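Here you go, one structure.
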Amino acid sequence: MQVAIIGVTGYAGKILYQLLSHHPYVSNINLYGHEDGTPHQYLLDPSIQEYVSIQPFDAATIMANNDVLFFATPAGVSTKLANPFIEHDFPVIDLSGDYRLQDINQFEKWYQKPAPSPEALLKTNYNLPEFDTPEQTYIANPGCYATATLLGLAPLVQNHLLDNETIIVDAKSGVTGAGKQPKSSNQYVHANENLSLYKINQHQHIPEIIQELQTWDPNLAHIQFSTTLLPVDRGILATIYVKPTAAFQKLLANNADTLKTIYQRVYQTKPFVNVYPPDQMPDLKTVVGTNNCLIGLTYNPITNVIMIVSVIDNLLKGAAGAAVQNFNQLFNFSETSGLPMTNYNL
Amino acid sequence: MQVAIIGVTGYAGKILYQLLSHHPYVSNINLYGHEDGTPHQYLLDPSIQEYVSIQPFDAATIMANNDVLFFATPAGVSTKLANPFIEHDFPVIDLSGDYRLQDINQFEKWYQKPAPSPEALLKTNYNLPEFDTPEQTYIANPGCYATATLLGLAPLVQNHLLDNETIIVDAKSGVTGAGKQPKSSNQYVHANENLSLYKINQHQHIPEIIQELQTWDPNLAHIQFSTTLLPVDRGILATIYVKPTAAFQKLLANNADTLKTIYQRVYQTKPFVNVYPPDQMPDLKTVVGTNNCLIGLTYNPITNVIMIVSVIDNLLKGAAGAAVQNFNQLFNFSETSGLPMTNYNL
Amino acid sequence: MQVAIIGVTGYAGKILYQLLSHHPYVSNINLYGHEDGTPHQYLLDPSIQEYVSIQPFDAATIMANNDVLFFATPAGVSTKLANPFIEHDFPVIDLSGDYRLQDINQFEKWYQKPAPSPEALLKTNYNLPEFDTPEQTYIANPGCYATATLLGLAPLVQNHLLDNETIIVDAKSGVTGAGKQPKSSNQYVHANENLSLYKINQHQHIPEIIQELQTWDPNLAHIQFSTTLLPVDRGILATIYVKPTAAFQKLLANNADTLKTIYQRVYQTKPFVNVYPPDQMPDLKTVVGTNNCLIGLTYNPITNVIMIVSVIDNLLKGAAGAAVQNFNQLFNFSETSGLPMTNYNL
Amino acid sequence: MQVAIIGVTGYAGKILYQLLSHHPYVSNINLYGHEDGTPHQYLLDPSIQEYVSIQPFDAATIMANNDVLFFATPAGVSTKLANPFIEHDFPVIDLSGDYRLQDINQFEKWYQKPAPSPEALLKTNYNLPEFDTPEQTYIANPGCYATATLLGLAPLVQNHLLDNETIIVDAKSGVTGAGKQPKSSNQYVHANENLSLYKINQHQHIPEIIQELQTWDPNLAHIQFSTTLLPVDRGILATIYVKPTAAFQKLLANNADTLKTIYQRVYQTKPFVNVYPPDQMPDLKTVVGTNNCLIGLTYNPITNVIMIVSVIDNLLKGAAGAAVQNFNQLFNFSETSGLPMTNYNL
């Protein structure tokens, strides 16, 4: 296949390029910018001094020369550029947040930008690859925090085992989550030897998490969700605290393995999600460099709190890796094609 | 005053030595080991090539030559060594956990070591300097996680404003919290670029937190408390989630400043505790190097969750700094004597 | 004394403010901006929520209300602003590079900016406080790399013990050396888990190092000097390689302590410079947070190379600390007044 | 092929396992310990919860069931265990230093351990894969510092373009270079926010560097070589300073591209060595995760110093990657089989 990427100069775009370069069903990658202009050369990989050519944006050319397009662009870009692709039902996988929220008011509230048109939204799908199947050819790829949180909560929410009023997610992310543009929040001296909370009750991944949770349990109305910046390059660790329903509490009290059993049942067929043995918690470094999501589980009978730890690499499973999963799904390739399941970490 | 330290070779002991070296009411510091033997020289500060002499342990000598003794020793040491000081009502400030728990069974459950005798415990006090006043001359200095958590919760628990079943503390600590002895958990490659949970529902600071909270609200039975290792040298950041009582919820709904007002009222007379403006969160780096505790507050009306962020330097306010505060209190020195309130960070 | 600072919002300016705040001979600090305008409030220390007032720049007001002025400004600022102070012989300590080079051509070559006027330069002094004494009231404070390098080389160059053609300085610096303005080189992801060389043979501290070395040995013409960015906040470690003269080589061969003896003789009266025992090398962390310069020495008889390791805190001894040393010297205060000689590191 | 690894629990052994797992000509990997005993299970990759079985050491079994053996063991182990393999000319690739030095006295001086027998050494080869070809089936794989240094110097030493008395190598390494066993030097608090020199003039890679350099230029007698510990997990950056011969100096003065041309000529056929454009320097992060060696070059006509920067991943090109290169060479596989040439870094 011929694939197009817009946004290779960002973090997720670069990782996406590298994944697709080694993908067994991709024969060629064409790179495009956000704007008109002339082609230019870009040093993508200094290690092998690899320069790539970035073409100006032109929807017709992109559709003529490619089988699929990936947007790895900042918020607001695909809202402006995607209409021709949507009109022609041209396959698109959009790593940005632009088409994730079906409710225009929610989008404008959380993103503080103009939303896509309702007509466009009707022809797009939010697609968490473990649980969704694309009905449209325009796929909104999930956000990184959303993926870690949703995979951590899915088995309990889908089976209605939670007191929905008790969900608290304390999520932590590495600095690449803040993007590549130099700014105060991604400076070395700001993040190094530090820990800081940001976007207090205002992170734009909150509404997409709730939207997806509600497809599993319409009674679920909200979650408490906080985001903390870690002094690491990559990785998200979400610590999730919830209380069980009264019925589920009894099951947990009787059988310590109940929690693990429920998660195993859901995830045994999902190649990228691994559930740890009870009371063992995955760490960040184990998952970085892979497309995996690792899940640890513990139940504290004294406080009646279930703690779930969900870790992913924010640039792989949280962005480019999930995009390739969606690509594999859209074109019926094997789900793990071109995706790393182990790393060279120590 | 003449002061004695046992345990200057550990992290907290070194910081304690430095604080006391600059303390206006300390004329001399004598250093002792845990054991018999001969005096030896120890390179305490390579920067100024400062060698200090460490004397063998001898209780009578220590009492004869000093006005107060600090234990900065691992768990289990002061249980063995402290009896003579307790019998003579000799002033001791114990940075270890040995005398923090009044309940012997709790100590043995959480520390997996023999507890001090009930008679000895009767003559000791847990003393969080912001809220307790020593009634005995043997002071059990609070644990680092306990200080961050208790100062974060005090105004709400003391005023019975919480649903006690909802307290969740997601606490994160730098690597110095794991002590100085080389082991797998404090290795560079283990902690660097990583984030890992440890002592799942088993951290030994949990019972002292509950013990102290119960002095404020006897109905409070337990808290959910987790500990995460950060890739930084120093600092604790505790993110605390709680739900208000129904009555307090109404107050919060009516007046966004309620939370701040309550905390300000409690802490305006406490020189080391600073409450941030509403919805602003302190970060770790701002507090490291000081004896301060910084507190951020936010209330989310959608989820009805109060989030409190409490940060301290685990080696100052969490250990040696609190010990000097207790020393100041015990001898009626000004509370801030010899304690840093600002840092040279950036 | 009343002191003025221009540039408190930068790293060195903040540290300078903190040092002067605790200086025994400073009664008041007034802060000014680079430009006209209106006063504004600035959150200088979030830990204690300390806001300070920054006044607009006005030379006459500054001279009327202060006894001395510190410039902690980027290159190019004091060239534009300093003339009134120079004309009135008003005491100034300038932390920037603007008045360090007496040769205008050199300045314009290395800084790529217009140089100060020759008349202004005649009334200014480069002042490395360990070796220079101010003859003028306008003091150009040395650069951070220059201080580490000059203190490492001084005893050998002053005594003509080196083959001048062999000096190689491999200097490494933390990220604060790159300033506070967000840019690609001080981003977290750029510096973290990385090591990179920059300004290859072009660092602007090279000419001031040579200028000062030539006051000690006019025959010295150049040095090989490279700069490497470290993944740490603060600190410079300069590894210096030199070959001895033939005569000195014989001395070194006969007596292993020669090197240490020579350095000790020079530095025994300099309170901030500590020479380590032979073959022991200071590390970065030992010095950060102090105004010290620590020096390690070794001679390899097989290769006939002397290796000198010189470490400083780039923001203290390399900037604000040296400025306070110069301030102390200018006003005949004790050399160590207000300067930290030990740290709270571990 | 069937391959055996002894030492999979160390850093290099784990990376080696991962490389060989994906190697196109390896069908099976068998793991063995250093000692007798019973097989045990080992959690090699927590991400995918992969347990592997480690068999006790038995030379006959290893030879019966495998085509080649890799030692990824600490110094001293293969000296004790390798004799049966050497006697049977069984192919071995030894990542440790035991058989690198042909001179027994040198080995015992630098390693402080008993050397292998002279007979055993006669049947082994030091094999830097870019320049050596195995004449024996027992291959001593080069040390990490040696590889970075030798590849940086080879073109100049092989062509006799240097003043041999002027070679200075300032090499820096990440913490994995210190091994996996917990000790003071690989603790987080020791390495983090720090930079420290170690093994001053005593690093055991010095003699193997000189031994190999002398195969290219027998007149070369020694090098000045220092090692500095970096606060990063992985990577070596060697900054090499040398002066040209008088004849070469003239060439350099006349043509700025001479240096690059010479390196290109040597390395154009070496797939893992990339020479950067003149005056551009590779950084550590660009190379980590690949088997590449990146080389930057600059000549300073003022000081007449050539600076060469050579970077590698100490665990890949510096250990396991080079071992696979040697394996490929020994069995006539394509040189790049199973080796990463690009990374997922940012």
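Labels A, B, C and D are assigned to the chains in the order they are written; within every chain, residues are numbered from 1.
Note that contacts are C-beta pairs under 8 Å (C-beta built on N, C-alpha and C of every residue); 3 or more make two chains touch, one makes a residue touch a chain.
Everything numeric here is computed off the predicted structure, so don't read it as measured data.
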Pair exhibiting more inter-chain C-beta contacts, A-D or A-C
A-D
Could you pull out the chain whose C-alpha mean position is farthest off from that of subunit C?
A
For subunit A and subunit D, let me know how many angstrom lie between their CA-based centres, rounded off.
38
Take the average of all CA coordinates in subunit A, do the same for subunit C, and state the distance between these two points in whole angstrom.
47
Do you know which subunit C residues sit against two or more other chains?
11, 176, 180, 189, 193, 231-233, 346
For the complex, give me every residue of subunit B touching subunit A.
165-166, 168, 170, 172, 189, 193-197, 200-201, 222-224, 226, 228, 230-235, 237, 239, 241, 279, 281, 283-285, 288, 296, 298, 300, 302-305, 307, 309, 346
Partner subunit A, residues of subunit C touching it in the complex:
11, 175-176, 180, 182-184, 186-193, 231-233
Subunit C partner contacts - residues on subunit B that touch it in the complex:
11, 14-15, 18, 45-50, 176, 180, 193, 233, 274, 276, 282, 286-287, 289-290, 292, 294, 315-316, 340-344, 346
